[in-house]
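To keep things simple, chains are lettered A, B and C as they appear, and every chain counts its residues starting from 1.
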Amino acid sequence: MSNCPIEPLVHNAWYIAAWSHEVTEAPLARRLLGEDVVLFRDASGDAAILEDRCCHRAAPLSLGSVVGDGIQCGYHGMVFGRDGACIGNPGEEDDRGLYRVRSFPVVERQHFVWVWMGDPGLADQSAIIDYPFHEAGEEWPFQFGHYHYAANFMFVIDNLMDLTHLGYVHGSTIGGFPQSHVDATLETAATENGARFIRWMMASPPPPSFVAAAGFQGPVDRWSDFEYVAPGSVLQWGGALEVGRDATENRNQDGGVSLRLFHHATPESETSCHYFWSVANHNCPATTAAGKQLYKDIADAFMEDKTMIEAQQAAVLRNRERGLHYRRHDEAVALARRALQRMRVTEPRAAAAE
Amino acid sequence: MSNCPIEPLVHNAWYIAAWSHEVTEAPLARRLLGEDVVLFRDASGDAAILEDRCCHRAAPLSLGSVVGDGIQCGYHGMVFGRDGACIGNPGEEDDRGLYRVRSFPVVERQHFVWVWMGDPGLADQSAIIDYPFHEAGEEWPFQFGHYHYAANFMFVIDNLMDLTHLGYVHGSTIGGFPQSHVDATLETAATENGARFIRWMMASPPPPSFVAAAGFQGPVDRWSDFEYVAPGSVLQWGGALEVGRDATENRNQDGGVSLRLFHHATPESETSCHYFWSVANHNCPATTAAGKQLYKDIADAFMEDKTMIEAQQAAVLRNRERGLHYRRHDEAVALARRALQRMRVTEPRAAAAE
Amino acid sequence: MSNCPIEPLVHNAWYIAAWSHEVTEAPLARRLLGEDVVLFRDASGDAAILEDRCCHRAAPLSLGSVVGDGIQCGYHGMVFGRDGACIGNPGEEDDRGLYRVRSFPVVERQHFVWVWMGDPGLADQSAIIDYPFHEAGEEWPFQFGHYHYAANFMFVIDNLMDLTHLGYVHGSTIGGFPQSHVDATLETAATENGARFIRWMMASPPPPSFVAAAGFQGPVDRWSDFEYVAPGSVLQWGGALEVGRDATENRNQDGGVSLRLFHHATPESETSCHYFWSVANHNCPATTAAGKQLYKDIADAFMEDKTMIEAQQAAVLRNRERGLHYRRHDEAVALARRALQRMRVTEPRAAAAE
């Protein structure tokens, strides 16, 4: 087995192709899992994803325009519907049946545009992650972002699943003291389709952004709860309550900080990815000073991650077959990699059995 | 047989290397058919094309300078004449006979500098296209251009040989109504070394630029006559006469519009080319407002083509073996491709037989 | 045997990795002989060179920082000492023994930081060139530079070993008359580990910079003495004395010009190198107008060389197997290439025998 830390792609899975607001009547070109696709919204308002290549002369459809129920190629005017069928062939309409471009299953839900880039017959919508925090209104105001990373998507996942990087990479933003991350209690476990860890920093000084948001007067019990769901998602719950409020028994109390983050890395290619993330801040509107500051801190921190992860990718590419080491703190990283590899090995059968 | 729409190069043929005015005493570096060459004009005023590599230490001759009857390398001073022979070897003149660089047959005629990049023994000047419109003085004032396209040269030819793209690519410039291009009558035929089509839009509204140039008061009979001559040339005759003047019987009448265009795509490599074009406007000086506007419209339209053709090439390169479709409107495109392929298959024998 | 003029690398040899002043507490990333390394100076003040890749997750150590006796990775905080051993492993200190990165032998001497990129067991410090002109105080004031060349290191050596390029490449700076370089007397010889030539231009007009520096009133006897020491060094002694002072018998006289140059080309890869150079000017401080002008002239001339050498490399890369010609003036060039090739063939044995 190869030592190469660049994970091959899993095709039979749902990935986030875009945020809902990114998909409009203006065609959007994007590369997903090595395929060039065009995303658009037709007259019905439904999102569609087609290969970004007209079957006639290979012109990118993203240079065309949406007309009624389809997208028209900007070279010679052929029109393709959401399912890829040719619905317009100027001057040769009777030949429409000869032409078709590839279409991809799309599900738009909870502000995400999910796509299935593998075998369409295996696309099971029930496998899409439910994320109610994007539909909870004022209780969970959220903000989001989309970054391009020149790195294999699993380096993004690795980074999230080992928080000991916080004190080094994010020393100047959200990091806090390196030692406190090392001293935290940590429980890690494999899940059916991923891995999960929960980390507690008991009776620890709250970071400044937490004080600003919740007005803490003394030490807090702080948690970081991360679940990786293969192939590309990480659901994070982080927060703190003042000492003495039994946080470990009940984290759903008012008067503290409670954040829900959704992370998703969609491969663009084996060596690059789209990183989609949202942060929902319990009862804390994005329009407040604390809400704005939190968003800025997180966005800045992700840029710090990007610098490190892209440098890591570049070093790995100089000798792809040279393996990495897993320290004891990498237990969740190793479990996540194993879950992905399991999914890759079993992907056609597991999906077909559903 | 490969489906790849990127046509391999035909070497034993004449190509345009430059416009005459581009070749001066200042050496010009250019890549033609995958070879790096240097173009210059020596003291005699004759144009020369040599490989752009000194045989001594491989320095590009284009970094040197023209001295008398040759070009002097800027590294150690060796001089090479138009035929590639070494005519100067500082400090070791008796060794001149040991050195030579490759030279290419050149014919300068009618403002074109033609080059033969294949076997010099097969270079037959009688195969060069005669283009009298560049020598017709005030009767055919002309203007010209030279663009670099990041695309296989045949995508430029394809584009010219299927005019149904006009309504889509050039909608905002010279395109007119898409439907009128589809409705035109079209006659297509193979020729000995290419393909030809003539298209008539009878009793149609003249485009604004035609009205400005010829003062048309009503509908016109309009023609587009295109001839591809393998491997790289397209000769175009376009124009219009008012309805009732028997345009189909005699296009050589005054009082209308008559344009002669010369298009030539010289491969730079398999995936890029030089596009040379000229437009001659019958009895309409380039200095008039109508002449200027026409030139600007055409130059703008060719930039629109460039955008589309380069995007097409990029899409093709992502999967070279995936074929293109030929619609019925592509008859001349298919004939042109076939003529080129015939030339490629037979090139050494046909040329040798002359 | 390949004709390719791009010389493969010799690994078992000392190369200049940096000037001393370039190596500080701020980690410096550099590629040497195809390896990415990090250079730094730890708390002891000693220079160190490690591979630029943490053994944990492959993050570049150059993104980290020097802490005490080692360099700390900026991703998860591991620390490595000058010998590559792990001396810090946050939260898992008992596992230090499991981790190590590659280190390279370093010798810092006479303002050079020398590195041995091959088998460390063969690194013999006695093979390092002694260069006393960097330790001679006011007698030999010197200035230095470091350029990046996109060229195989031997093209830099070739350039130095055939001075007939001076009249062409440096016509506008230090070149002088092409003919005078051709007319000079030249003695060339192979040495044990390189090649040497000495060139005399007897009773010749001194160049303006020499007149400015030494106040010559008439013609001079001028010498250029170059010794190549494989794989990467050239030691140059150039100067002039007025005619009648027996320069050929004794060049160590006051009242003339005497320059000592050290040139060194360290491969970055097979197709690029670092060019380190210094120029020492006998009894002429760098702060004088003549000293400044000399430095500027030389730095400008090396930029002219860079332009030509990089163009030469690009031409060679277009057809790597096409050989170069050696003119009679290339005798020292040919001897230098042969010395390098001899070193490459015998490198493991010769070194092992010491």
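As a working rule, a contact is a pair of C-beta atoms (placed from the backbone, for glycine too) under 8 Å apart; a residue touches a chain by one contact, two chains touch by 3 or more.
Keep in mind the model is a prediction, meaning the values are calculated, not measured.
S.K.: With over half of the numbers shared counting as same, classify the chain A/chain C interface as same or different.
M.R.: Different: when the shared numbers are divided by all numbers used, the fraction is under half.
S.K.: What rotation angle superposes the Cα atoms of chain A onto chain B, in degrees to the nearest 5?
M.R.: Chain A sits rotated relative to chain B by 120 degrees.
S.K.: Where the CA atoms of chain A average out and where those of chain C average out, how many Å apart are those spots?
M.R.: 49
S.K.: Going by the contact rule already set, what residues in chain B reach two or more other chains?
M.R.: none
S.K.: Which positions of chain B touch chain C when the two form their complex?
M.R.: That would be residues 36, 52-53, 55-60, 63-64, 72-77, 89-92, 95, 98-99 of chain B.
S.K.: Tell me, which parts of chain A touch chain C in their complex?
M.R.: 5, 158, 162, 164-165, 167-169, 178-179, 182-183, 307-308, 311-312, 314-316, 318, 322, 324-325, 327-329
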